[in-house]
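Following this line, the structures themselves.
Shared chain: subunit A. Partners: subunit B in the first complex, subunit C in the second.
After this line comes the complex of A and B, so read on.
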């Protein structure tokens, strides 16, 4: 099959920019009456054309079980795999021998939002979230402790598109 | 002091307050308009957060600029550095004093204002701050003074970008001043007067000069763009090449003054275009010549409409065209506009001689129509030649540049 080559219509002789100017002006004038594409952000966070991806990797969430305890079993995989070394985990153990995190802190400033922690978690406890509005008044507030991670309510990232798991 | 003199001074002061208030507030609103127009042309909404539909945005910008830190570069010439914004700003504002913005208002009063004594004024009051007999010569003279501000700002900043911006502004101003002045000579030829009042009266009697003097209008408009340093001729600023050009080193209110000056210049050039080529405050028909309060208000509103159209046109061009290259700018000024303007003066001289002395037409309307006929031919010729690339070469020159430098060895077999 022949390759489709787009042939540009070049002017055969030298022409000035008079015509091009008029053409450009007609174009910009036409654009003044076209529908605006601006999204009125703080009031409007998604439109029919655009919404934030479900695969967005934002600030973390720790999921909890029915009793409201974190699902984390302090296995230590997430601090192990974290490329930015931003997860601080001190494991503890209760009377029944169940492991749980004594301290679980994520420094969101160090985090590179790769999502490895969610991928590696055997209990589906730690997740990256679909969230991007993270303003704080102090830098210290960006170290999220366990309580904070559990109290977040935003959606968790799917990391991949469920309808296209192979990424095709 | 006679009561008439005091009345004149009183009314002049009132007119001054009115015009300068309108210009300063208008200039502030023009910054908003510019941002809105640019936004619309790019399918955006533009500023709409501060006040209703963003109307308080200029006030917010003003407050920001007043509160910002005034910086000044090390080794800058402090004196000239502070003086330059004022030098750019003052001529820009001065020009608004000579533009007539409405039909003369018949005034007739005789009052006594407490200890100031009696005031009186009788007769039509021209709706212009200073009804100068030298008219557009004053505008040409003062508008070219604005370049001192820019050149000194560039030089005193002790910065290479600012200096280049200032130099470019100077060269550009000199180049386009010539074409601008020459383009106004046909106006002088058919009105026989440089005063704005006389020019408007002549346009009322005949046709608006844009019809009999189309090419003058065209050249004046292009030179006007160059004089106000607006795109596509904003080489003194040229943010992609010179950061911000001549005002690179300025901050806070001094920077703001340059902007006010630029917009005030835009207003002036648009007012000049309106006055010289679109009849000023003239409403077609006889009605506006009767004189009266209603006529003054209506003509003022009509002048404002025309002015706004041209201001919009300036913005429209700005958001359509890219910046010229510097040699293209110079070539357009010296090699295209100036010869055309000179030739056009000859054409108009001949035409006027032919019409008035050979054909013997003296009625201003007929004379204008005859000139219009000449202009249709001239405009077709000039734009045909322009379009075929005789005067201005486009950028499509690959035929020439594609020529191989070394003769290619012939491959055989």
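After this line comes the complex of A and C, so read on.
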């Protein structure tokens, strides 16, 4: 049994590829003369049009005082408030009788980057950072100890200020 | 209680209280907390903090609730606008010199100043430019630090040392805003009960060096327990964090220890955190022990008991629960039994302001209970008998080297129900891991025959089980049995069958403040007999 094929008769200008190709190329060439919006990421981290928000909550940073010691007094509020339970803190006492953290570790894998630790800190010591490049070769490196937290240099988050909701 | 009752209304709640009750106690009956600092139910009231001022209708001005006795028909407003305004003022003045170093203060989380300021203090300060007075931390005694900056001068510590401990070493020195708690020259706060000033201090001014920076108050799990230190049986709370005992604090029981406990009892918790515990039953296999499961170990225990005849000796620790002592004693009913309980002796240290309260000479919490169950404190005699007995059961006793050597050479079967094992006892027949009092529920009977419950504060290591469970399983016979007790309460009920003094009493009846047992002997004078919950 022969297969019946219905041949559609369409006007030549509708089925020609020449016209469609020219139309596509025209769009392509038009973009060559328009302003560029692509950022060359690894070389370029921000542009005038685009930069990471100051409220960004990324990996943590521990601020230090003038003597280079961490501002943390090991009050225990951040492990208490932490919804992901990712902060390990063991308090100790230094030679002057000041309370300070013997062990302060944040497991960045467990962290949900809510920023509560920064919000609750009475000494403005622990901060979430404006930072997103966290790749490491081993999983163990994602547990940041006190030394690592102190040596981070990226900007700290301003968080969201309820008195200034638009961030102005 | 037979006294005349007066009717008062506190914050709209009518209550009837005995004549002479201070308003603050009547308010407690009405379910209203009057904020206070200097008042403490176990101390005389000087009304110095002015925090408990309340509005009393028809009185010309606010009255201090801690020293004003209730009068018939009195109407008191604790939370009226004028009372709240007065409290807000007091709190504002207290905060002028308070350092607000809550993040590094050990009291944070259980601080009355923090609580009340949060509850009804001013939102801001009006003394921003004023420089706070500063004084360095002082060392008051073996376990106590004084932080003058945080002090609110409630004088509870001064009154405790003067009126309750009868060792007046603390005083209020200087006056006005320079005042601080002073200590007499050449003297230390080293009374046997001085640790109580740390609990009494409503703020973080008096601190325990032992607890300093160790834990935050909100991290601690508190478990109602009984002090295992001596025959007094003070009610305590065992505070743990992540299964580690951090501190022991008194739990109020007006019949036994009021609100206090001694320093010996406070420091007596390190053995609860030992790491070298036996974690699995060990049976002797030739010259060495091999770890095994409970079924095998219990069958072996039964075999040992069935195979022996003649006399049996039980060497028990004074810290064993009534349940454990009783059921282990029942195990050897078939034998001629010598049962001894170990009672270390120490110095007696009374707290003079509270009748019938002292750190007792006999440092075993369950001596009275053991005696009711047929044990004696004649340790040396039992030790001698152990050398000729067919079966010796050691129930977690602290053996010295001579005892260990003697037991190692004993001809009979030695079964150790213990928490740790000494090297000298490597040849005992059977080692069964048991729990300490911090890891089980149970009861102690104190020297006034008050039976009191304690609860499990931390988990047991490995396969350790309470000694009553082991004895109960062996008594019920091999295999799973519904007769074997599975809780301490069930084990306790089994005691009543054999010792009528415990009959008709259950854990539920004992409650959290204990109950005096009706023994044949006369009750101790000066102590009300009967149930008080």
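For the reader, a short list of remarks on this structure follows.
The criterion applied here is as follows: the second predicted complex is superposed on the first by the 126 of 168 C-alpha atoms of A that agree within 3 Å, B and C clash if a C-alpha of one lies under 4 Å from a C-alpha of the other, contacts with A are read in each partner's own complex, and residues count from 1 in each chain.
Everything below uses one rule, namely that contacts are C-beta pairs under 8 Å (C-beta built on N, C-alpha and C of every residue); 3 or more make two chains touch, one makes a residue touch a chain.
Small disclaimer: the values here were computed from a predicted structure and weren't measured.
Of the two partner chains placed by the overlay, only subunit C lies in contact with A:97; subunit B stays clear of it. Once the two complexes are overlaid on the shared chain, A:68 sits clear of subunit B and of subunit C alike. Of the two partner chains placed by the overlay, only subunit C lies in contact with A:77; subunit B stays clear of it.
Once the two structures are superposed, subunit B and subunit C can be ranked by residues of subunit A touched, with B on top. Applying the stated contact rule after C-alpha superposition, one finds that A:37 touches subunit B and leaves subunit C untouched. Of the two partner chains, subunit B is the only one touched by A:29; subunit C is not.
In the superposed model, A:122 lies in contact with subunit C only, and not with subunit B. In the superposition on chain A, A:10 makes contact with subunit B only, not with subunit C. On subunit A, the patch touched by subunit B and the patch touched by subunit C do not overlap at any residue.
Those residues of subunit C whose C-beta lies close enough to touch subunit A in the complex are 102-104, 108, 137, 212-214, 216, 218-219. In the complex of the two chains, the subunit B residues touching subunit A come out as 37, 39-45, 316-317, 319-321, 383, 386-389, 391-398. In the complex of the two chains, the subunit A residues touching subunit B come out as 10-11, 13-21, 24-25, 27-29, 31-32, 34-38, 40. Against subunit C, in their complex, subunit A makes its touches with residues 73-77, 80, 91-93, 97-99, 122-123.
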